[in-house]
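For reference, chains read A, B, C and D in written order, and residue numbers begin at 1 within each chain.
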Amino acid sequence: MIRILSRDVALAVRAGGGFGLSLAFFLIVVVLVPFGVGPETAVLAPIAPGILWLGALLACLLSLDRVFALDREDGALDLLATAPVPLEGVALAKAGAHWLTTGLPLSLAAPFLAVLLGLPAPGHLWLAVSLLVGTPALSLIGTFGAALTVGLKRGGLLLSLLVLPLYVPTLIFGADVARRGAEGLALGPPLALLGAVTAGCVALLPFATAAALRVSLR
Amino acid sequence: MSGLVASDLAVARGGVPLLAGVSFDVAPGRALILTGRNGIGKTTLLRTLAGLQPPLAGRVAPGGERSAYGAHADGMKATLSVAENLGFWATLHGAGDIAPALAAFDLDDLRGRAAQHLSAGQRRRLGLARMLLTGRDIWLLDEPTVSLDRASVARFADAVRAHLGRGGIAVLATHVELGIEAEALDLERYRVTGATAGQGGGDIFAEGAVE
Amino acid sequence: MQTEMSLWSYANPTRFMATTRPLLPWLSALAAACLVVGLVWGFFFTPDDYRQGSTVKIIYLHVPSALMAINAWFMMLVASLIWLIRRHHVSALAAKAAAPVGVTMTLVALVTGAVWGSPMWGTWWAWDPRLTSFLILFLFYLGYMALWAAIEDPDTAADLTSVLCLVGSVFAVLSRYAVNFWNQGLHQGASLSLDKEENVADVFYIPLLVCIAGFVLLFVALVLARTRTEIRARRLHALQLRERMA
Amino acid sequence: MPDLGKYAVEVGAAYGLSAVLIVGLVAVTLWRGKRVKRALDAAEGRRNA
């Protein structure tokens, strides 16, 4: 499992595209926001946590259709399914690799982009924390969506339609942690709930993903 | 070790029954060559034998746990080197050392080369080296000699013979004469035709009018 | 097994068709009667509420449609489970047939809810927790239907949509909770919906019950009719595959 | 017609839009039902012919 994860990370880094692309997309989204709503800090600062969470979420979405599609094209998915590793483990490793190449860099980059939107000082830390806790759930849910659509010719758009409604709880709790952090409010409850969503996803979604993969491979 | 036994197997692709009543018994050290025209269901049969899809009817023994499946899509990553690609599959299958597999398919000189820079024949040998690394005794090979020149075909045949010599089993879907002593199974007579479809075809909606 | 008539024997497509054919006209007539009686009663012969004025009449559409929007998803969940566990084709097709009915009910609940809230909120749309939850449910329905439409092989589609329905149900409940957390008590959500029954006088309550019965019957009749169509479409699909093969 | 007072637009819109949606759903259900039945009958006919 570790081996699948490290191979996927190595592939993403070597191919270049998938790794840097989502970061660049995140940057562009954040840069475009002031053009849409105006440059005043009084306008930008209150919406900054939400914008940054939304930007990270969309950036996560960008690379999801590659999670299984590449392995399916070159036959590796068939070979993984026949290898002596449980498909649930493959699903978890795939989600882990996706998180390491998108969620983690996005979380680390977010505090710096937050400066562009005038997020008040204590908010940076909590923004990064909320993303670090929440983005694994985004990767796991996205991997599930990718498993549902892996056999389809035009799966990309459908994947977004399936995955985005499932992102609602994570987005609500995550953005709330970031917002409360920026306003200096108590953020225990939403952070605990965000952690619970991620923990639940880790525990349950690999089984659903593996079930969907088995059907898609048939 | 027992052989590979298929009894009264029926397979379908995309809900359409292709073959029905396929039965064979391949003993250890023996090979079976599947023949039949394009689209008859050779790939589907091999995938069923590999446990990648459930049969419509009938049984395969053993299931997928003893078999290694090799198709034209060999699962090798273009940007990884030969050694990296093989090392990955070796770890997954619990095989320690890739050196014997490299040697068996004459890949030693190429071990550092990225898979995308291999010729078609070299790439094919890489795929076969993976089969060896799985340590599994039933090889299921789909069109293994496509894009191979005469010398490479001969080398491939040697590898299969060596595998059989170790007591392994091979099922091959191919039209090329390999010079391997093997039984041939013409799938034409198991083909599900429009006339026979619906009799145990697996789809209850095909059996009779719904009202 | 042949001699004992179990409930599962209705899951055979041919039997299902034979059983539902005589049932459908009666169900449809009963649904239409309940809807006409309930809505006419509610619209013409109930007084205005002293606080909400005539907008109280929207209750006869909003409450039953909201109930059916949720129950339709619940029915799809049960049908998906039956398909995954017992592999009954009718069950999978019934889930597929229910989704467009559920999405329409959700739309009716959304539209009537927004219209009902508009005098109170002063706008046509407010991010009221209940309304927002229905909006999210609407998106779940869209995704479910889109997945059915995208997959060519019917059994594969049934498998994957069933898995999506299971996972979606968990996330739908989670979203409901999250939305409450996100916008707690900013709007008077509770005064809008079913909880109102407790302080609703009989003059409103009895026609409301008739309307709920009408919507339930309408749902059942529509799902039966649509399942019959799906079974025929499935048979047609099987025949066309055979034709192409021959 | 009952007097709907100052909320006539709201109540009218709610009933009108709901009627459009539900009648539309029933119409689509019936129309598709007929179309599929006709296509299936034709296919069964070809099969039996």
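Quick note on the criterion: a contact is a pair of C-beta atoms (placed from the backbone, for glycine too) under 8 Å apart; a residue touches a chain by one contact, two chains touch by 3 or more.
Owing to the predicted nature of the structure, the values given are computational and were not obtained by experimental measurement.
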Going by C-alpha centres, which chain would you call the most central?
A
How many angstrom lie between the CA centroids of chain A and chain D, rounded to a whole number?
41
Please compute the C-alpha centroid of chain B, do the same for chain C, then give the distance between them in whole Å.
48
If you average the CA atoms of chain B and of chain D, how many Å lie between those two points?
52
What whole-number Å value describes the gap between the mean CA coordinates of chain C and chain D?
15
What are the residues of chain B that contact at least two other chains?
209
Would you please write down the residue numbers of chain D that are in contact with two or more other chains?
44
Shared interface positions of chain A, touching two or more other chains:
218
Chains touch in the following pairs A-B, A-C, B-C, C-D
Mind pulling up the chain C residues that touch chain B in the complex?
12-14, 17-18, 21, 89, 152-156, 231-232, 234-235, 237-239, 241-243, 245-246
If we count contacts the way the header does, which residues on chain D are in touch with chain C in the complex?
2-8, 10-11, 13-15, 17-18, 21-22, 24-26, 28-30, 32-33, 36-37, 39-40, 43-44, 46-47
Help me check something: in the complex, which residues belonging to chain A touch chain B?
3-4, 7, 10-11, 14-15, 71, 73-85, 217-218
State the interface residues of chain B toward chain C in the complex, per the touch definition above.
14-16, 192-195, 197-198, 203-206, 208-211
In the complex, the residues of chain C that touch chain A are 136, 139-140, 142-143, 146-147, 150-151, 156, 159-160, 163-164, 166-168, 170-171, 174-175, 177-179, 181-182
